[in-house]
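Take a look at the structures listed below.
The same subunit A turns up in both complexes below, where it pairs with subunit B and then with subunit C.
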Partner chain A sequence: MSVPAEKKEKISVPFDYNKYLRPGKLPHIWCPGCGHGIVLKAMLRAIDKLGIDKDNVCVVSGIGCSSRTPGYVDFNTLHTLHGRALSFATGIKLARPDMKVIVVTGDGDALAIGGNHFIHTCRRNIDITALVFTNAIYGMTGGQYSPTTPLESIATTSRYGNIEPPFDTCEMAKAAGATFVARGTAYHTLELEKTIYEALMHKGTSVVDIIDACPTYFGRMNKYKSATHMMEAMEKDGTVSVKQVDKLPPEKVAGKMLRGVLHKIDRPEYCEQYALLVQEKAQAKSK
Partner chain B sequence: MAEKQKKRLMQGNEACVEGALYAGCKFYAGYPITPSTEIAEGMSVRLPKIGGKFIQMEDEIGGIAAAIGGSLAGLKSLTATSGPGFSLKQECLGYACLAEIPLVIVNVMRGGPSTGYPTGPSQADIMQAKWGTHGDHPAIAVTPAYVQEILTETVRAFNLAEKYRTPVIVLYDEIVGHMREPITIPAPGELAVVDREKVTCKPDEYFPYDERFEIPPLAPFGTGYRFHVTGLNHKKDGFPTNDSKQIGEGNMRIMRKIDNHLDEIWKNEEIGLEDAEIAVVAIGSTARSARYAVNEARSMGIKAGLLRPLTLWPFPDKAVTELSKRVKAIIVPEMNLGQMVLEVQRCSKKAEVLGVHRVDGEPINPGQIIEAIKSFK
Partner chain C sequence: MAITTKGQIGLTGNTAIAYAMKQINPDVCPAYPITPSTGIIEDFAGFVADGEVDTEMITVESEHSAMSACIGAEAAGARVMTATSSQGLALMWEMLYIASGMRLPIVLTNVNRALSAPINIHCDHSDSMGARDAGWVQLYSETVQEAYDNLIQAIRIAEHTDVLLPTMVCLDGFITSHAIENISLISDADVKGFIGAYKPAHALLDVEHPITYGAMSLPDNYIEFKHEQSRAMARSKAVVSAIGAEFGKKFGRSYGLFDAYRLEDADSVIVILNSAAGTTKVAVDELRAQGKKVGMLRPRLFRPFPFEELAKALSGAKAIAVLDRVDSMNGFGGPLFNEIRSALYETDSRPKVMSRIYGLGGRDYKVKDALGVYDELGKVVSTGKVETLQKYITL
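And then the complex of A and B:
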């Protein structure tokens, strides 16, 4: 059955990504089978739902594959140093609290070299959304183990199996004080878009851990047959929705990561507290 | 005429705060470290009162990174540190050089290496201020020696940072930082204050690294100019490039924008150099000892003089070379094992160069310098 070309396009492209992509900056650097492009799409759709001016959005990243995201998107964009994205972003947000500040980071960037900035950003509860693209490997440098690489997994620096236990990014964010913590995957695209939107709407530090497989390095070294096989195994079968977890028998939950909004509380936001401090204490005292 | 302002007794680090505020600084991010902490403390009290932003970050790296963020958002930004903290800031210092972000970094030098002697003075970060971050990059460092001068040189540092769109280091030793002297806060308008050049073109015509400009103006984030900033070598639009021509030109332009304006950036104080046979080149508290020593030598009938660079980087090649043609010897006292003396040797054409060094946490006293002067008599 043939579908008219125009109609087909309308069905397959219901969203105008070009509104947010910089002309001439594609193709991206990501490998075939990498989920980063899917996450980027979810991020853009979620930002679009906010309905805010592109001039008031700032996207900051560190170093790594996912950190190349800001170059492709038509906002105020800042590609910083390895691990430091949240600190640069903190400066921008504090200087311009009216701007929407989003940090795009990888698991190595956020949790290893940037681990200190990560926990303290969460503690401050400054209104920044951190999207952690978790592929459990250092992709840009060719496949070394990261702080989220599962035990016994093979990487170029753990040829005999990884002996370091991985971080649970969400547990760490929650413990450090983030007021919105969620997990999504590149496989559950619509759910991811909704989760990122909720994170962006939240006032305070919001962290979304996004499971997003790296077929080129993690996949090949750990004997996944294909990118799709890996995506199904790690993202579809390796996670369980927080909404379903109570209804499932324990054996279907064991060893799986929880997906969805895992933690959401209200706590004073840093920039608002700073503004109050200025109004109520500092300026009053100077009178 | 404005009423003459009262003298105030002030510590060097407090004068740095006054200088930053005078220059229009509205953003401070840093981390506590001796002997520079009073700067953070002062900014934390003062900035909230004037609508500025202060944040104590989780570490030194976060401090300078947030300050770069504040600057990109359009606020004149400051961070301050000492010794080990300066080492930690080097990565971001290089970022600000390449991305061309105006920023002032104060390094109150303490004894090293490593944790060293936190409450003791040193001048051992002279070379680090120039070469500490990897890669070739421009460096501007100003070196005040008096409390009043910490104020005025901090203002100059902000002016240079904003004008040349580059990080500027205010480099002084612990003695000057913790010394108390009577100073005058200049009245508004008394000292020149340079603000960042405003971008006036349409957003679609804006390039943050436009090579048609020697120093392309920087639009603050969130003002309608949506552009990209990266620490990778980049093209005029700020996007990374692997093109060797563009990489080479970009690297050369950030050097050239400083090298083409050396006469504006250089600043020296000269005492008794007109007829000097023996010259001393010194900075910071060592220059105070040197001034005393030179005067003492004069009273002994020795024609001695002092060249005191207030801009240490870029190094005052011209002044030192000219000096070396006129004098018999140049003495370089410094609280390190021989750093600035290497630069003086490089620039000296004829004169003999002698270093006087000390790394025991004690200042170089006038007696040591007088002995060196007398050795050439």
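And then the complex of A and C:
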């Protein structure tokens, strides 16, 4: 029995993650059922597609579960303070505009304690990719509600339900001036890889909001039966692709988050503008 | 006088602090979670949710905001408490000075922990020692029991009209915050009676008597404000003593400015803060059993620093090692070492003093480490010479 030629072409070599992982740093600290590992793998595949030298990539993080990511990956990495990753990354990008700078952050890190840096990074449109691992909770400190915890959800600091309306990370990034805004989930792994790749290819501030369940805290407190049940409920059934949204009846869209590239425009990038200004002034002086 | 109304109960440091906060029932508690003090706020959030306290709890977006909200609420006339640790306290820095400069008696629990970088979440005194000149009264606690008792006393100290300064109660991260210890609780009614109702002298919400806080104060009077603040800090020492004694009279556990252990005739003395004092006491007992004249002193009040009292207590010693769980990075030992050495300058005996930095970032400090220091001290006593003035131990 012969294998059809077109099928043969589709057989792919398994992705060699070890190429980008630091030996001796695994196993990771993430809980069983946490999606962070899936997101990490999608990120590595997306970076691999860029085809750039790994010494030309810098991964920066703040504090929290997602912020442990740089510890595992074999790029230039910087693990900083809670909420401040984007500020450190801004410094790196200004010093080395040729470098691919990626910030790995969580919803609490990026939007609560680091909210100010988040909006101003977007406003400047500096060429940084921010991957926001949104698990709607402070996982590392024990399950306190965060700025993306849905209304009425239970957290250790909202025992009878959250009354603070959550942020829509994508809407905020867009409003603040980010020129590439997208959403993905750990569940839609291959789609996420493509979305992260697109974000990395974009010139300017790119933000990818990644819905990624925390079964340990959010799941247990909010009566999700298992990590898979949670993934299906929040990531599969809780989101709808932006490509399909127009074809679906309103009742199938109501209350769901949009997935895919939600906003993409061209606007002058900060480091380029900075270089232009310096060049212009230097020329004016030398005349 | 009954020591307790409930008998002993096993609580972690965090739970005990949260329980004291419940009994104190502050008007406002703004907070942001940070390990390892999160347990305090988590438990307290439970009390708020269950209606066991009347507190308005605000879960803000950073510690900077937490302390800002504390200041606003306290200036408005509320009794305010919060808890933090490590980077959380570091992020409050700017606001710590504003709280003390405005003379707002906020009470904060700090679970002592290392500062970045590198990132470390374990016990270390870098956080509160960095804030030692922020104008806050600082109490250090050896045990869960003391942390609980200190917090209740802190309300009285901070709000005392001779003081009116924010007060920080420190306990060791994980070693005390997460360890379960049998402690005696005071009844709710007794706590309420001891702390009394808060009657702010100046409140923004007292609209009949309008005031302003933190207004611009240029070279014409800024120094007078600071002079008043400094005098209040100096006065607070007597208040801490008086309240510690009153607490002892009412509840059977007295607290002074420091804890002296087998110090009377001791030649060799270790001075050390917080939980490591317990380990040191074991070493003291071992050496005393061998007939060696060793002792220990654990300051409880660090700000204001009780210079005269500590100098008097230590003046009989021949050799002293001051152990700091923090390095001042000044090239000359830890902060406690520098204060103790300075205090001894006025004594006639001028004991030999050396600095030892131990246990940074949660490194274990064991009985053998204390024994090693006493061994060194013994040599200093016999030779009259300090060979190594400062060094790191537990490396």
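Throughout what follows, the second predicted complex is superposed on the first by the 270 of 287 C-alpha atoms of A that agree within 3 Å, B and C clash if a C-alpha of one lies under 4 Å from a C-alpha of the other, contacts with A are read in each partner's own complex, and residues count from 1 in each chain.
In this text, a contact is a pair of C-beta atoms (placed from the backbone, for glycine too) under 8 Å apart; a residue touches a chain by one contact, two chains touch by 3 or more.
All of these numbers come straight from a predicted model, not from anything done at the bench.
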| item | value |
| --- | --- |
| Clash or fit (per the criteria above) of subunit B with subunit C on subunit A | clash |
| Which superposed partner A:Tyr160 touches (first subunit B, second subunit C, both, neither) | second |
| Touching partner for A:Ala282 - first (subunit B), second (subunit C), both, neither | first |
| First (subunit B), second (subunit C), both or neither touched by A:Pro70 | first |
| Subunit B versus subunit C as contact partner of A:Ala112, first or second or both or neither | second |
| Contacts of A:Leu81 with subunit B and subunit C, given as first, second, both or neither | both |
| Which superposed partner A:His120 touches (first subunit B, second subunit C, both, neither) | first |
| Superposed model, subunit A: greater residue contact from subunit B or subunit C | B |
| Subunit B clash site on subunit C (candidates 56-64, 218-226, 272-280 or 290-298) | 218-226 |
| Shared subunit A surface residues [contacts with subunit B and with subunit C] | 79-81 |
| Sites on subunit C touched by subunit A in the complex | 32-35, 38-39, 41-42, 45-46, 49-50, 57, 59, 61-63, 87, 91, 116, 119 |
| Residues of subunit A that touch subunit B when the two form their complex | 22, 25, 54-56, 58, 60, 70-71, 74-81, 84, 87-96, 98-99, 116-117, 119-120, 274, 277-278, 281-283, 285-286 |
| Partner subunit C, residues of subunit A touching it in the complex | 63, 79-83, 112-113, 115, 138, 140-142, 144-145, 147, 156-160 |
| Partner subunit A, residues of subunit B touching it in the complex | 27, 29, 48-49, 51, 53, 55, 57-59, 61-63, 65-75, 77, 91-92, 95, 221-224, 226-232, 239-240 |
